[in-house]
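Pasting the structures in now, so scroll down.
Each of the next two complexes has chain A plus one other chain: chain B in the first, chain C in the second.
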Partner chain A sequence: MMTIPSTLDPDSLRSAGMQYVRSSRRFIDEATPSELATVLLSSLSLIAAFIGFLLVSSWTVVPFAVFLIATGYGWAKHQGLMARALTLSMTISTLVILGLIIVFIFLRAWPALQYGSAEVFGLNVPGLRMFIQTRWNAAADPIRYSMLPMIHGTVMVTIIATLVAGPLGVAAALFLSEIAPGVVRETVKPAVEILAGIPSIVYGFIGFTVLSPWASDQFDLVGQGTYLFVGIVVGLMALPTVVSVAEDALTSIPESMKSGSLALGTTDWQTMTSITLPAAFSGVSAAVLLGVGRAIGETMAATVMLRNNPTIPDPIFNVFYGYETLTSLVAANYGEATGIQMNALFVAGVILFITVLFISIGSQLIEARMEQKLGGVE
Partner chain B sequence: MAQATRTSVMRRQSTRTRLLAGTAVGLAALIFAGSMATVFGVVSLTSQVAGITTVTLLGVLLIGLGLAVIGFGVGSATGYMDSTPRESSGIVAGVAFSGIWFVVGGLIGSQTLGIGTIGWVVSGLLLGSGAFVLTVLPREDIGSTVPAGIFAAFAGLILLSGVIGPAWVWTPKGLRASFRGELMVPVITLFASLITGWAAAKAYGGFGARGRHMGAYALIYLNAIAIISVLFVLVGLTFYRGLPRLLEGITIGLGVGPGTTISLFGVSVTLALPIQWPFAMKGVALTNTLNGVLPAVVGTVWLVVGAVLFAVPLGVGAAIFLSEYAEQGRFTRAVDIATNGLWSTPSIVFGLFGYAFLIPRFGGEKSLISGMLTLGFMLLPLVLITSREAIIAVPREYRDASAALGVSKWETIRSVVLPAALPGVVTGVILGVGRIAGETAPILLTMAGGTFIPGSQTVNVIGGFEFTASPPFVANPELLDATSALPYQLYALITAGVGGGGLIEGTNSFQWATALLLLIVVLSFYAIGIGMRYYFRSKLQS
Partner chain C sequence: MASDQSTGSDIVSRRKFLVASGAVGAAGVAGCTSQSDGDGTDETAGSGSTDTSMLNAEGSSTVYPISNTGSAYWNSNSPPDDGEYWGSSGESTVPGWSDLGEPDMNIADYFASLYGFEPTEERSNPPFPTSIGLSHSGTGCKAVRDGKVDIGNSSGPITAELGISESEAQEEYVDHVVGRDGQPVVVSSDVYEAGVTQLTGDQIRQIYQDEITNWSEVGGPDQEIYAVGRAEGSGTDTSFRLNMLGGADAAMPGVDTRKGQNQQVATVIEQNEGAIGYMALAFTSDAVQPIAIDFEGTVYEPDRDAENTIFDSDYPLNRDLHMYTKITEDTPDGTDMREAAFLNMFLTTFGQKLFVEDVNYIPLPTSDIQSEKDKLPEQTA
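Then we have the complex of A and B:
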């Protein structure tokens, strides 16, 4: 089991820092000069190669070659140390990648935010106009890049998708973890995973060729593309995420709690509703939250099935007319977008990234809390 | 404790009512299946079954079912039926029923009576709150059957009287959409069969704790069956529509396939595959009798190879560090959050990042290597998470035993921990590859170009390497070119629309065949991954 310090008081922080300093000093004391030189050369050349790559230098290849040679030498001579240094740099690279994503999409979004700035109480707020007006028009004056139609579309699709994926997913997770007999579980579980494996463009294709024409025909719609059916398809795609995470949460409830309840003479369903589900509540809500994150970020099905025309439907809750989501805006417009319009697409990316990152962190906090709570119960 | 002292006489009596309730559940399931069949157009509402139209039959069945369900409730309340009901059906059932009846009341108010917006809200609220009171206040046997039974009987009456029939159309003002009877009739019967089926299942269990158990299980089983059938319908439909074109023109025989000429010591030998599969082995050309998607197939293969080469060493290395070397603390916590953040980052954001970060650094144009790295970034968190789980799952004793023999930490990791964790790591990688192989959004912005690519433009990465005099000294134009991949190919075919520029014969079947090929590629990764997991798990248990 991992142990995560729950409190980060200054004392423990300082002692952790001291420990770090001590361990690195011990490392420098114990390592031979040759070891030290190799690791130093390898890590410095890696940093140099990274900087060269960032600066778009064609000389990047030189420090990278030095890194390869130094690492190869170190691997042959001091394998244990080199392995440790290498795996550390690999771990740091995940942090670096996330950092790069944040920096680069923000940098590219900035010009559009500046273009769309508006004054509030004499204060110039960049990007504000993109969220108080509803006009998106890249061709005719006044050229405006409002994000509101897309935010509205994403909210519509996500609400419908959550209504599909939430209840059905939690019910399926209950089925898998508590109800289904062994053989049935062993067939339904892979089926749910395969449902997650079907590529989103295939969902979109079936939606586009089968579902959308059918819907237009049934409801006498003008043209094709409805938030209702995009939401249902996206909900289906988010379903496996909800099922697998919720199932993990349900199975993590100690068997002793369930059998204690059953021993009192309750039915299975009573145990589920009054013991298992309440105990796993935070895990199950984290699952639904992750499903919401998936639904927000789903791109291809929305792009193919929607009308790709940034407008707010009339009336605003009209689910039979689907125009654009944040994701489909990027996928449908990247080709002909230039200048500020391309930057505006990055603004959509920033909104998506921040929203989903917060959802991800939120669900992690919820899960960590559940782990703590269960740890206390046991 | 009354259940413990039940006599055999009571049990016999309850068997009969249980039989009746079971029949009602079966009838509800039958109506549910029939409604589904009409939604999908398998059965027409106006077709004749045994001399009467389907819609009349559905109406009669619904009235019968509704009356039967009310009968169960009344029978239990009057003591005729053996049951153990609770004091109330509960708030959840109350809210569900009041929601349904609010809609009914609103529709009656606005459509039948025509009394304006305030009118229909009032009539909806009246019926909705009435249903809530009727559900929550009386004992459970009445509360959970009567509102359901009345709804089913009412729906049956509406169908029988023809108020809502196959020809019925309702166009709400301002919505620019209309609701037709063809679809609404089965939707109504679906709803009615669901709630009466639930109520009958409760009656089957004799209400109370057992009844609720039965009612809930009926719905949960139905949900599981529905999910499985959606999967079968999706995969089955793709196979049905795509298979003929996918397999068209396959010939087997010596030397019929695409060949390569190998020249060695002045002797050139032409080797050719003994199979010709036009859809997967040819590009698009005017001279082809059958066009194919060879460049996309090869592009997908190289994409996966590149992403795996980038992400697997990085992910496994980071997993080793996190689970073997690192002390749990702020650093590992930050990496945890970053990994999960990367995992949930939308694929289109990866595409934007690749567009902003990688493309300027690899020649300024869309390129294969940008696509590979973008997908590698996506694959990284998947590999990291699954490898870490697999490494943590290796028992502590393995490491202790190795350390007790005086083996160094890295040697222990290399020769004890990693081999033991290998199955888990490989399974995780395969499932991750299945996921990224079907991704379209990231490569849309970083790699892909062109809808119909001739076979001559198939990438040849290995043959593309060359050395140059100026830095970076090694170049591979094949890696720096835009190419296609199966998911992008499908997207391009969809956006190109019917006709597809006249180059492709039968665009629609070509699209379906591409979708099927993509599905087969991705699902085979999943099948292998899931199969491996079961194999190793059973080996571990035995």
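Then we have the complex of A and C:
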């Protein structure tokens, strides 16, 4: 956890800044000119290579070669310093790459947002029409790229998957950490973790060839593809993650807390519900949120099992007909889409990006809050 | 990639050729559109007066499997005792071998000799090498127009790709059709067995536009129709709308599911009752039956021997796959000897089976093969 509150304070910010200036001045005083020159050359050539890359210049290779040579030389001569410079530049690169991806998907989404703009109180809001109408049709007039059918599909699949993975996962984690004998835990836990490694297309394939036709027969549906079974399959896929993370959280509760509770005469079950689970709540909720994250981002299983025909079912909570999710929209259409349709796929990407961003911020906040309340660390 | 072919040596060594074809293959994979040696002027293996420079083609990814498979076979120049790629061995014989008269020559040697080229009698060393680039129909047509390549592959007519008139196209280019890409309409076996073996074009339109929703309305069982379509905006989707529904932007409210691949369409139709869809012929089976279609009185049947078949170019869901050559001062017929030798290979039972049918396209009916052959210059041997 980062110590966010303390750095937000202007005084401590200023003192941290001054400390940084002082330490960097000391660093420049102490470093030899050769060290400084090497690090400087290495960093500048990396920046030049990055600029060359952005300009799609064929000369990019020159600064990049200089960077490699300077870094190699620095590594041989001044390893400690070079390692510091390298790790810093790698961290910066990661952030820059992420930044570029974000800028790229927003830029590519923009034409579709412009196309889907709508007036509100005389104000032209880009993209608004994509969220107030429900029509998606890329070929027939009027051509519309509403995101609502996909958002609806993603919400449906996520809710069903959470209903499957949440209770099952937490119960299994509780059993493994609190009830099961050691031998069972030692064998089942790794087995569950191996399950998490099964590629999603395998689940999708089983869903497409076995579950979907079966559901279509049993519920007398026209054709195959239901949100119910996609949700169940995605929930099963998320299950190992939930079990594994929740089990870690539950095991990390100190034995002393449980012993104290038991010493007061509670039963095992009472200890679990009143001590272990609340104390591990942050970890357990993080486990469920991770599972939800997987459900939202799950692509292959949803793409092969759904109907890939963006529509909102009637009635809206009809889980027996499954049309499209945000991810399956992109996966099913990226090969064929052109023009605004392609940009509309990027809009789906932007929505996913923002959703996942909020989920991860949310889980961080829950974790921070729980740490404060129960962690005992001030 | 040109450096390997423009060394000026009299005979391209086998290793050099392999390097060159490797580079060409890599360029094809990378979607390389530029052909630096495309003007066909560089000499590689000069043998007398015949031009034996590399034959270049490029264009449509739809035609690519046909022309690239052909090119790979050509460049291998397999001997007639190979059995797998050419000729006959104790274990196997290539299809159409007897129709060719079982020539005792390597594959490229044989087809090239028909147009007066000297055989090399060496495996992997054809009389002249061929190279196929992968790009788009429009790029291929432009490349052949500008003389960058010898053959332009296109899945659409050159008139549409270059925006030229029909008469202009006929004056400047020769259209060689090597195969067809088609989409038979298929139904699931339960519907087929219940007697729906033929529909009219209008009924199919009504099904996809949600005007007919039950099979009983077209003489089938009392079963709701499950209409399967292709990915929105794909070439297949657009041509289906254009040819079946009356316009590229016709509405398709009757579609229940859209799938991106033939295999997926086949599986979905196989797994569900009352399903209808359209997909490439190669994926049909007993569980996924192609049906006959009645277009304005003409019944196109899924039977090769019928009067009108779903393999004909008139069948509205078929499109011709073209290899265009350009008419120049040197070649008033539009097709020079190298082009003719290579193209002729596709217009045989052997070529149609291996390069068209085996890569999931529709082979040409016999009459069309003859009319295509008539476009080529006279064979000299």
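Just so we're on the same page, the second predicted complex is superposed on the first by the 365 of 378 C-alpha atoms of A that agree within 3 Å, B and C clash if a C-alpha of one lies under 4 Å from a C-alpha of the other, contacts with A are read in each partner's own complex, and residues count from 1 in each chain.
The rule is short, and it goes like this: a residue touches a chain if its C-beta (ideal position, glycine included) is under 8 Å from a C-beta of that chain, and two chains touch if they have at least 3 such contacts.
As the structure is a computational prediction, the values presented were derived from the model and not from experiment.
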Taking the superposition as given, does A:122 touch the first partner, chain B, the second, chain C, both, or neither?
-> neither
Partner touching more residues of chain A, chain B vs chain C, is chain B
- Message: According to the stated criteria, A:222 is in contact with first (chain B), second (chain C), both, or neither; which is it?
- Response: both
Applying the touch criterion given at the start, work out whether A:314 contacts chain B, chain C, both or neither, answering first, second, both or neither.
first
Message: Between chain B and chain C, whom does A:209 touch in the aligned arrangement: first, second, both, or neither?
response: both
Message = Under the stated touch criterion, which partner chain does A:304 make contact with: chain B (first), chain C (second), both, or neither?
response = both
* Regarding the shared-chain residue A:182, is it in contact with chain B (first), chain C (second), both, or neither? -> neither
TODO: State whether A:142 touches chain B only (first), chain C only (second), both chains, or neither.
DONE: neither
Which partner does A:33 contact after superposing on A: first (chain B), second (chain C), both, neither?
-> neither
Both chain B and chain C touch chain A at residues 208-209, 222, 304
Interface with chain B, chain A side, in the complex: residues 2-5, 8, 16, 53, 56, 58-62, 79-80, 83-84, 86-88, 90-91, 93-95, 97-98, 100-101, 104-105, 107-108, 168, 171-172, 174-175, 179-180, 184, 186, 188, 190-206, 208-210, 218-222, 236, 239, 266-270, 290, 293-294, 296-300, 303-304, 314-315, 318, 320-321, 327, 330-331, 334, 345-346, 349, 352-353, 356-357, 359-361, 364
The chain B residues in contact with chain A across the complex are 171, 174-180, 182-183, 209-210, 212-213, 216-217, 219-221, 223-224, 226-228, 230-231, 234-235, 237-238, 313-315, 317-318, 320-322, 325-326, 328-330, 332-353, 355-357, 360-361, 377, 380-381, 384, 408-411, 413-414, 431, 434-435, 437-441, 444-445, 470-474, 487, 490-491, 494-495, 508, 511, 515, 518-519, 522-523, 525-527, 530, 534
Note: in the complex, chain C contacts chain A through residues 224-226, 228-229, 231-235, 237-238, 241, 248-252, 255-260, 264, 267-268, 271-272, 274-275
Residue set of chain A touching chain C in the complex reads 137-141, 208-209, 212-213, 216, 222-225, 304, 307-309, 332-333, 335-338, 341
